[in-house]
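Take this structure, written in structure tokens, and hold onto it; I'll ask about it next.
Order of writing sets the chain letters: A, B and C. Residues in each chain are counted from 1.
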Amino acid sequence: MTALRSWEGLLFAVLVLIYAVNALNSPVFLTPGNQINMFQLSVEKIIVALVMTFIIINGEIDLSVASVMGLAACAFGWLVQAGVPAGGAVAIALAIGALCGAFNALFIVGFGIPSLVVTLATMIAFRGFARVLVEDRGIGDFPAWFDTLGQQGLIGPITLAIILFAVFAALAFLILQRTAFGRKVYFIGANRAVAEYSGLDVRAVKAKIFIASGLIAALAGLLYAARVGAVRGDIANGFELDIITMVLLGGVSIFGGAGTMSGTILAILIVLALRNGMALENITGHIQTGVLGLLLILSVMVPIIRETGGRLIGKMR
Amino acid sequence: MRIPLGTLRILVLLAVFAATVLFFASQIDGYLNARLFNRISGSVAVIALIAVGQAFVVLTRNIDLSIGSVVGCSAYFTGGILIAYPDLPPLLVPLLAMAIGALFGALNGFLVARFHLPSIIVTLATLALFRSILVQSSDGSSITTDRLPTWLTEFATQNAFTLGELQIRWIVVISILVVLAAHIFLTRFRAGRTFFAIGSNPDAAAFAGINAGRTIFLAFVLSGALAGLAGFMFLSRFGNITVVAGLGLELKSVGAVVVGGVNIFGGSGNLLGVLIGAALIDVIDTSLVRWELVSEFWREAVLGLLILLAVAADTLLMRRLLHRKGGSA
Amino acid sequence: MPPVLEMRNISKSFGGTAALSGFSLTLKPGSIHALVGENGAGKSTLIKTMTGIHQPDTGEILVDGQPVTFRGTADAQRAGIAAIYQEPMVFPDLSVAENIFISHQNRPTLINWTTLNAEAATMIARLGVTLDPRRAAAELTLAEQQTVEIARAISLNVRVLIMDEPSASLSDHEVKRLFGIARSLRDQGVAVLYISHRLEEIFALADTVTVMRDGKHISTRPVSEVTQASMIAEMVGRDMAGRFAREPSKDTGETLLSVSNLAKTGAFCDVSFTVNRGEILCFSGLVGARRTDVGLALFGVAPADAGTVEIAGQPVTITNPNQAQSLGIAYVSEDRRKLGLALTEGITANITLPMLSKYTGAFGWLNRMRELTDAQAFRKQLNIKAANLTVPVGTLSGGNQQKVMLAKWLNTRPRLLIVDEPTRGIDVGAKAEVHQILRSLAAEGVAIIIISSDLPEVLSLADRILVMREGRIVGEFTGDAATDESVMRLAVAAEVA
């Protein structure tokens, strides 16, 4: 517990540092416009990172989230183009997302195949379905209300997506840290056998979070479609890396059982500020992703570095 | 008579492969012609190489998701070096590409073997990291065919020999030789068996005095080197290398390995199966493009479902098999 | 003949508890030497010291009269010492032949499968067994895998082969074959150290037998000079000071649980018994007697195949832990670290886990104050020593972990409490406390089933004792009438001579 608290302390210090450096480097960084823009440009990823936190603490992984985002967005586009009212298309796209999650859960919970393998396969398959729907076209021309929701401020300059993120972040925090469901998520991740011996409904919990993951990813995909105003087959491609990086950087253990929602939220802020700072310095997206990759390796190595450092200090004494 | 499980797997794969080819032959006019064979064999050559590399890694209970980026990087850097030094002896060039790939693989292997980091995380990170190295060094500029020596761009279509109308290209010959060499290494050499041993039972391997760290490191280096060789072929086939070269190849390599019957939890598998798996995936990929009934955009969806089906069938089958054993014990 | 391996005055302690104290053993080539002792007598520590997994604190190990130091299993293997265990350590995906020759460093780089298979076949034939060297180890039965392990040991020119409970999971037929192998090894000059709970096997197989107790050497005699009764007396003989006092029974005479003809294939059969409210019923027997399986069946973790269970006169079919819990059954596992507690989680969260619904309000909201209040009550009642109730249970001592586990299940307010090895690996003070807790629960009218391999514990706690052996109940005692020897005699199946 102490170690975790200090990990969050470290994250907070890093965050302050990044903010300070960015602010010194660019007068634009701290302006409200840029801060809102910073969230707006990655808002879909950070929404999915919240539910990914549940999945990884539970001892699983979902590599298919970005493909579900793409599939939901493309399904929406396809439906609108086919003349379905946009409201109905939103509902169907969300249902497709939940179905994708249920499909993952069927193989993971039902057949007992590791989530890594299942979601690696469905990551390809769901992306494939997205491409089947829109092929190599781009679909745009959504109803004005849809584009407006994605692009314009709802409360002052703050968009719907950012409001949703704030609401979801609060909800995710409360569910994970304050409810019985959250407690179950931790125990199942920490020691599945203990959870089963204690009469917990392990399979139901796992199925629920995978379905939630599909649903939330679909919503994020729709938000992305609304923000960009168009969909393409490769929409949200590769987002899973950013999302997983945020969660692991937040101190969630890849082996499950450990981590907190506040850690994830701090890590989200770090990643956003880092990307925004680099963008202000005109560093391209690919390089930004590379830096994130480096950050991911560093974050899984921190326990080792700390241990080795401790041993060295011990030796010197 | 009982057929060993491994042989049975290969036979089933061959049957599935034959059925797939026959199916497309019945659907597509003029499917079974030499030109198609020549085209497909060239791309199978590339997939088979990276699938073999992936198989080494998967056998040890790990995974290498950075392969696509390594292919892109080694193609790009090899091309760049060739443009700077066009007089390099041609034989040296593929070796150079392999060395570049091996270097990337060594970084993966070092992180996984030395610090016991989960390979999925490490290679997910290096997938992005290597790609960004490529972007950074290319600075947006691309390798183009006209800047490369002609011997290189012609190499991909040069035939080693022809069988009637079938052209057997050098890259296919090289790829098959690599698969065979790797197969012989894994089945006939003591060092090859350690890959199976540490994937099969890490505890027992430690007990038997096998150095797991060294073997895992080697697996990643091999995976990198073969991705490098694939990068050389990629360069030769396409000539134009952009920052997206090799994108997504890691998924095809995992697909070929899994469909080819390598246990995703390590310890068992056969490279001949992997070769058939690579061919199967590529045939489906290429044929869907020509099948009029279904849009070519089904390729990825079919690949994903194929992988899922292969893993599910294998898992459930093996479980039933082991259950039966458990019951009789 | 000079001894091949000598252990001289070996002592080894773990955290202040002596597992071996001044233990000596001499193994001669061409002999089968049996080692017997109760659970916890120090046998496994001894084996680990011989095979280089543990290093002795004091004392000497001599091979061929020369003092040696084993830094790891590889050193012991080089000296020709190998061990096989109840659960074979094989590579499931590799063939029999490869499994045998896997750790041979001096074989050619290139594998000649024909030669390898032929050599493996020879090696297996030396054991008087036929086994296709090309088969994958995963396809073999447990007994066959064991044979492969023995063949591996022989191929490394084993001179001392330790067999730790090798017969525990084998059928009669397979045990006979194992004996044949052991004898042929003896005839080839190997020193076999045979460890078994089944005393009759020792008379059938061994020529010398050593009894150990509480980490000490008690006696070493030719088998011809001992009887089962004398061995049992030496295994259990202990000072009266080590005993806990008995207390009067709180049995109400009102039957809570009634089990008849409970059976599970491959585990146990014909298990029938009753427990009353306020009664403490102990299942005694040796490790592997399948007592835990009965407990797991009653708790629904591994449900029984046949038989009937009645709780308070109502017939029930228990299929999962959740349902068992709602019937008022609680099961405290023997394996704290793997099945009992989530070590990285806090004390309070571990205690309330099975009863989360009790603390859950609207929207699944947890009432953490209420959790804390209950946890504090248990902390006081059970005297759990911890800095605070949020520390991870992994940081607590074994005794305190055991108390947290008891608290976790007492919190479910069980009518029937099944406790598996309630005091394994905890110190004497905590042990007495746990015993007192169990007694006061009985006084409150809880029916208690204790599964314990610790005979003094059983004798001091039990109102009634059921002895199990190889999946069957083989005898029953009232707590007052039972003695160390009478229980042990049934547990090891000795015909009273």
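Just so it is clear, contacts are C-beta pairs under 8 Å (C-beta built on N, C-alpha and C of every residue); 3 or more make two chains touch, one makes a residue touch a chain.
Everything numeric in this text was worked out from a predicted model, so none of it was measured.
Trainee: More contacting C-beta pairs: B-C or A-B?
Mentor: Comparing A-B with B-C, the pair joined by more C-beta contacts is A-B.
Trainee: For chain A, which other chain has the most distant CA centre?
Mentor: Of all chains, C has its centre farthest from that of chain A.
Trainee: When the C-alpha atoms of chain A and chain C are each averaged to a single point, how far apart are the two points in Å?
Mentor: The computed centroid separation for chain A versus chain C comes out at 46 Å.
Trainee: Mind checking the centre-to-centre distance between chain A and chain B? Centres are C-alpha means, answer in whole Å.
Mentor: Whole-Å distance between the two chain centres: 30.
Trainee: If you average the CA atoms of chain B and of chain C, how many Å lie between those two points?
Mentor: For chain B versus chain C, the centre distance works out to 47 Å.
Trainee: If we count contacts the way the header does, which residues on chain A are in touch with chain B in the complex?
Mentor: Counting only chain A, the residues touching chain B are 61, 107, 111-114, 116-118, 120-129, 131-132, 135-136, 233, 241, 244-245, 248, 254-255, 284, 286-294, 296-297, 300-301, 304.
Trainee: Within their complex, state which residues of chain C touch chain A.
Mentor: Its residues touching chain A are 299, 301, 320-322, 324-325, 331, 333, 338-346, 349, 353-354, 356-357, 359-360, 363-366, 368, 390-392, 408.
Trainee: Spell out the residues on chain C that touch chain B in their complex, using ranges where they run on.
Mentor: Chain C residues touching chain B: 73-74, 77, 89-94, 98, 102-103, 105, 107-111, 113, 134, 136, 138-139, 141-143.
Trainee: Residues of chain B touching chain C in their complex?
Mentor: Counting only chain B, the residues touching chain C are 4-5, 187-191, 193, 196-197, 199-201, 203-205, 207-210, 263, 267-268, 322, 325, 328-329.
Trainee: What part of chain B is in contact with chain A in the complex they form?
Mentor: 63, 111, 115, 117-118, 120-122, 124-129, 131-133, 135-136, 243, 251, 254-255, 258, 264-265, 295, 297-305, 307-308, 311-312, 315-316, 319
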